[in-house]
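This is the structure, below, for whatever I ask next.
Residue numbering begins at 1 within each chain, and the chains themselves are lettered A, B, C, D and E in the order written.
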Amino acid sequence: MDSALIPKGVKRCPIWQFALGLGVVGAVLLWGVYAMILCWFKGLNQTNMNDYYGFALWIWADLAVIALGGGAFFTGLLKYVIGKDELKNIINYAVLIGFICYSSALLILAIDVGQPLRSWFIFWHANVHSMLTEVAFCLSCYFCVLTIEYIPLILENRQLDKVPFVHNLSHTMHEYMAVFAATGAFLSFFHQGSLGGVAGVLFGRPFAYREHLFIWPWTFFLFTWSAAAYGPCFTLLVTRITEKITRKQLVKDTTIQLLAKIAGWMMFTYIIAKIIDTVYWATTTAPSLGFTLKDFYSNNPVYGYWILFAEIVLCGVVPALMLITPKIRSNRLLLTLATILAVIGVSLNRWVMVLQVMAVPVMSFDIWAMYYPSWQEVATTILPVAYGIILIMISYRYLPIFPQEAELNPLEPEADMAAAAGTEETTEEVPEPGLTPAEA
Amino acid sequence: MKIDRRSFLAMSVGGAVGTALTPLPWKIQDDLAIWTQMWPWTPFPPDGENTYVNSVSTLCGGGCGITVRKVGERAVKIEGREDYPTNQGGICNLCASGLQMLYGPTRIPYPMKRLGERGANQWVRLSWEEAISMVAEQLGEIRQAGQPETVACLSTRPYGSMPALLKRFMTAYGSPNFMTTPSMMDAYDMTLKRMHGVDGRMGFDLENADYVLSFGSGLIEGWGNTVHMIRINSKWKDTNAVLKQIEPRLSNTAAKADQWIPILPGTEGILALGIGYVIIKESLYDYDFVNNFSAGFDEFRRAVLSGYSPGNVSKQTGVDQSTIVALAREFARARRPLALCGRGQGTVPGGFGEYVAVHALNALVGNINRPGGAWAMPRPEMDGWLEPVLDAPAEAGLAKPRLDGAGSAAFPFAGQLFNRVPVALKAGEPYPCQALLVYDANPLFSMPGSGMVREALQQIPFILSFASHMDETAMMADIILPNLSHLERWEDVPVTEGFHRPMLGLAQPVVDPQFDTLHAGDTLLQLAAALGGTVAASLPWENYEACLKEALSPRWAELEDRGYWIDENFTPDDWSLAFPTVSGKFDFAVSGADLKTLFAMTAPQGDDGSYNLKLIPYDSVRIANGAVGSPPFLIKIVSDKVLKGKTVLVEVNPETARAAGFGEGDQAVLKTPLGDAAVRVHLSDGLMPGLVAMPRGLGHTAYDRYLAQKGVNANDLIGSVEDTASGLDATWGILASLVKA
Amino acid sequence: MKHSGNFGKPKRYGMVIDLDKCTGCGACMVACMAENNVPFKEDESKKLDSISWLQVYRLTNGKPYPDAEVCYLPRPCQHCAGKHEGHSPCVSVCPATATDYDQQTGIVSQIYTRCFGCRYCMGACPYHARHFNWWDPVWPKGMEKYLNPDVSARMRGIVEKCNFCFQRYQKATEKAHAEGRRDLEENEYQTACTQACPAGAIIFGDLNNPKHAVHQIAKPNLKKGGQPQNPKAFRLLEELETNTKVYYLSSKQWVQDAIHKPHLLDQKEAHH
Amino acid sequence: MSNTDDTKQVAVDDRDRVPNASETGGPIILFFMIGFVLSLVVGWVVFPKLLYSQKKQPIDFNHVQHMELVDEGCESCHFFREDGSFSGAPTLAQCIDCHEEVQGDTPNEIKFVEAYVQKDREVPWLVYSKQPQCVYFSHVAHVKMGNMDCVTCHGHIGESTELPIYEQNRISLYSRNIWGKNIGGFKKNTWDRMKMDDCAECHVREGVRQASVQTGKGGCFVCHK
Amino acid sequence: MFPFNFEWMWDMSHIVFMGGLWYALGILGAGMTFCVVKAILDTANGKGGHHH
């Protein structure tokens, strides 16, 4: 039915299977949309946030997806600016994942503000000293970059590409992509950084506060660095998951290994910097504000030293070492494990920098505030995941995302009718099984 | 030319570009942002001329001077009146919330008659004429039947023109049963009568006291005039006066005191006697006063020395011997020591023996009618009125004994014993009650043993309420003739118990009546007129305002002008003139009472061995627990360690809780001989082990959703215990146990 | 027609709260709510979403019975000046310039119609002095009559906080202007909580003015970020260099210690 | 139908359409222009008419006539109270001084006396210059301390013989005078617009202390509450 | 974000921050315009009509 839209030389599952998948994920999406509408019309009382938890699950999700989406800018930087041409085989997917992450982040922000109809004030009445202003500006600009990077991909759809103007446009945009990618890297540097700055400048919150370099606290640089390090891991992980689900190899090992190696070294250097930062903060910054490390990790049911260990050692040092060790890296399973750890690590870091900041009492007579999200918060946080899956499903089906797919999976004349449903391991991706030909 | 997809696209692009160059998108965006400021459900208060009206707030017992800021016709803020003698600018949280009571949804908007079951809160509106003639008919029938004494009337305040008018109405009607809700005033009045021989009220010159022993009085939690007492507490901090707080719980007063002395509940009087023992034993008492101006000291001395040695007292009270001795010495050696009692806010009187024992300490150190001491004050009287006219039925009715037994052979010194009414009605002695008039009182909520009170009210065939707000007792009424709110009416406000100057404040209308309500005084005058005869003749005034002016005629001009009248130069009588007793002296022997029985501790209800804890109620300054419920602002400032959602938290010592297997916030069922309640546990190091403390004032079933169904009414769980020596309500707590929910 | 300096000398409005005198009665909280049209809702026991500009904390010394002691600590917005005048924790972070620091009065302002509810300021404020309108402010029928027209209405989805009853400054200034004066007397501008406090525990005035009681009691060292020179006085979280304008007095050593040593305090007690 | 056939088919269609497109290049620009001009007309002419609702004052008022009768100009009726607050539109109590009974026979006069004076109802005047609730404006600061004329902000309303139509923004509910008559927000006279920037501009010009840390301009609470 | 906004100040922070913003926006805007214009010109020159 939709075979005219499917890229040449590749196989896709039958339309009914595709539609079924879309339907399942779409139901989750609708659930999220319902929660979103509740939040917009009834207000943020639909959440479990409170005056102690002004920032909660959403802001964490925001920071996390932006960090994970960092694969787009960093891979872009490597490919277009530094010239690692090998990465052209994964850049499309990195861009798509980035686009999903950033559009999700913007969507979450649109739900998160108390007065969505006034959210343009952040631009119009900008306070340039606020990290959040910097975030808003760079985030929206960078989203424009991602859109610009994603557009040629859409234009390469088999049918669209037939229109000469469209063809020429995508061609031209490809040609000059380096300019956009460089701008994107510039913007990313600042918004990833300023997201780190959001917590780091809070001098009223000794748990978050960090010493400054120029106008930026250390977290500014750590966030940028960690996004560059951990973002590609997420790209690798999602690629791996996609490969698992489609049961095809989509990107060649050389590309994967190159990106994994770079990510590994980035992580390795990042985690050293992070350890130095933590030690300095624990021994110098916090005590100067009247706090000991123990104050931040005791006297409450959740936040213990374990979280520090999990973030820095288990999901920081360990995956970094795994990735920079060629032997481990080249093992597919261990590589996947390392990327999973890395994704958890950066998510934990963002959690700590948002949620634990809110939880730690500052006034000596105040309380540790604990929080759990309401279903509306959970649904609106899952909403972008569902949306991302749908966008990936559509993009994968109709756009030439993986340049190496056709080469790695040459079409066989015979249709392989083997059904493959139900055997896959459960992942957050909805299974899109089957390598059945487009036309039965 | 073909209009195809492309042309349409081109037109749209053109339209988009063009639109961007007009104000349309930008203006709409701006206006939408502004629209979010003006949501129709957000009220925008209109502006207008600012005026200030002085009045007196009668919401709490304090009677503070207030200044109400008005904008146009709306009252927008209540502030303390800076030149008012008692509060001098400060204000309590309840009176500051007064506008929520004035404008709130709990107001009773018009006269109503009950429809359906009592308490079902279903009403039919009446016109004032209908309502008054209905009530007059009812009361007329009872009087015609020759039973005027079977009509009773209840008020909270004993003094002022309204209680006086009600009492006058009852007298002219022929009933001796004008009563007020019990309070420490009853006990102090009795103390004055039996020790000083004075028919008056007690005053304390707290400002000038330099050492205060408080036997559980919540001095900064609503005892006396809240604001005045808090001001005095601050003054004590400046002058380094000493406050020792004796009570089982670390109350706000205990927290501000120089020393908190925890004591087993109900044994405060015993401690006072123990302190007396040391003072007598060590001859620390004031020889001049004791030898020359007191009688019965030997009996008192004998009674104290025979059973209240520090060792004995320590065992009974849980207070260290050394503390008892130290307190006695400090007290006796202070320049102006003062001992006080009346638990919490003093809304439950307590046993008479306790008052005698505590007040005897003041006498021992001779701090009676002296600066910084306890003063016998004259009662505020309505001196402008003539005597009521009585006809034969009235005389006959008045000759009957009172329902509560006050003034009878058993309780000759008691003035008010409303706490005895439920028991009396149950027993049908001395006669049934056919009608009850309730003015400014909510006994169903505010009195211990509310279950008994409910039963008693159920037995009364006709209940008339003058309530302004839909409280629990009003819900039980058959007819409500709603009074004006406290900010809509004239009223004289005599100063509270404990204040050491004769003083009177004048509340005046701040705003026009907001509903179809009438001043209860006017309602009463119209009722009297409808009843006709001597009743009408005894209440001849055209309206309440005229009646009030006449009552206060000697001071009216000053009251109207300044808003209050005070006798700044008042000094109590000298010792030689102060005691109109038989001996002409202060009577340590309490007019021949059996001191041993008098001083015996009142046992709590339910001593059947199945309870291992004691439940004590406590008064919180942040919860109204009297005739008026807590407005939303008050409920808002209640701690989440007191009320969480709809559940009350009871305080338990961590040790006690641990023994019973409870941790912070755990759900539990609190059982007492009177009932069970679901509660949560709050661990408090500020409570004696073995006790459970519960705030009074929660658990309303009437009022609005901001107040009702929150927590438990402590009075549902704690019964009223009668002091056999005086008839007073001696309740201090009840046996209880905490079990897992 | 130039009137430069028509505001008079720069003020630094601040408070001194005597904890020895504060009884925890809560009249200040009610006065504040009544003055500033603070809304209420059916369940106000969830203190973390309950709007109360002024919060009275109950501090305990952490000792077991019978040595437990309690101190009440009212906490309005501290109106931080920060390391350099105006660098308050919240002001510097607001992305839409909805909160600002006024060098003329030292007051941290909050403009509700400008705020779009990002809540960054709440995260930044270590005193939890800022509150979000999680719910639409609605009053039971008839009760909207007591609302103060001098105070802006707030709407769902924005942050609000104590502003030292600035509307009273505006009103007092109008009266002064009507009388041809530019400066205010000490007693002309007082906050609602100061006025209501039965204990006289709250004192309000200009910390810059040596004639004002606040200055005389706290003796702020304006060269050292306003540090109090009165040994009984302290400020909350002095180490953070928030440079607050609310000073506290206490003669009790345990209170002074408790303010500085977080681990001394017992979690279960330390709340409103 | 096979894949290859399908592709061919489309490709053929495409080739057909390409020259078509270049031929219709003219009309495309024409359609673009139609859309462009149409939207300009809608945005500049139709939109303002839709945006504002027109309201008549409850009764008309002749400022000129009243100005002749009073001694102190505007302040005769729009006066300052003792506490420095500004009285704004006169209340019934003020009008009653002269209008207890019907004077003359204008229909407005009769309506005023019958509908308001006799029923003791305040006239619900629509205030053109009413600022939103978040704005604090002190007349006394401007008039007494700043020696400003009423005209500066209110224009020549005092010289009018009848009250203009009150226009209300349907979305924001503000009076049109705040944004100004000109939908583009352009102004010629000081009284043409009363937005925040207009206040700020004058405050800078007149040397009001610019004490805001964040903006370097006037502190927020100078004009807000 | 514009010099005519109330919050604008001609100080270092604004010049650097807003300068950076407008610089980035400028590149993106100019870049996209260039691509579109070039694509239009290429199309007019008959490029892209066939597949590769």
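Note that in this section a residue touches a chain if its C-beta (ideal position, glycine included) is under 8 Å from a C-beta of that chain, and two chains touch if they have at least 3 such contacts.
In this text the structure is predicted, and so the values were computed from the model without any measurement.
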item	value
Count of contact steps on the shortest path from chain C to chain E	2
Mutual neighbours - chains that touch chain A and chain D alike	B, C, E
From chain D, the most remote chain by mean C-alpha position	B
B-C compared against A-B, more contacting pairs	B-C
Farthest-lying chain, centroid of Cα atoms versus that of chain C	E
Chain nearest the overall C-alpha centroid of the shown protein atoms	C
Interchain centroid distance [CA atoms averaged], chain A/chain E, Å	26
Centre distance in Å when chain A and chain C are each reduced to the mean of their C-alpha atoms	41
Averaged-CA centre spacing for the pair chain E and chain D, given as whole angstrom	36
Mean-CA-position distance for chain E and chain B (Å)	74
In chain B, residues with contacts to at least two other chains	32, 34-37, 44, 47
Per-residue overlap in chain C, given as positions that touch at least 2 other chains	46, 94, 97, 112-113, 136, 153, 155-157, 271
For chain D, residues that touch 2 or more chains besides their own	11, 18, 83, 85, 132-134, 214-215
Chain D residues touching chain B - in the complex, by the definition given at the top	21, 24, 27-29, 31-40, 42-44, 47, 51, 81, 83, 85, 87-88, 132-134, 169, 171-174, 179, 183-185
Complex interface listing, chain C residues touching chain B	18, 20-21, 23-27, 29-31, 33-35, 37, 40, 42-47, 50, 52, 56, 58, 60, 63-72, 112-113, 136-149, 153-157, 192, 195-201, 268-269, 271-272
Touching residues (chain side chain B, partner chain D) in the complex	1-4, 6-8, 10-19, 21-24, 27-28, 30-32, 34-35, 37-38, 44, 47, 49-50
Chain D partner contacts - residues on chain E that touch it in the complex	6-7, 9, 11, 44, 49, 51
Residues of chain A touching chain C in the complex	43-45, 49-55, 112-116, 118-119, 121-122, 125-127, 129-133, 136, 198, 201-206, 288-292, 294-295, 298-299, 357-358, 361-369
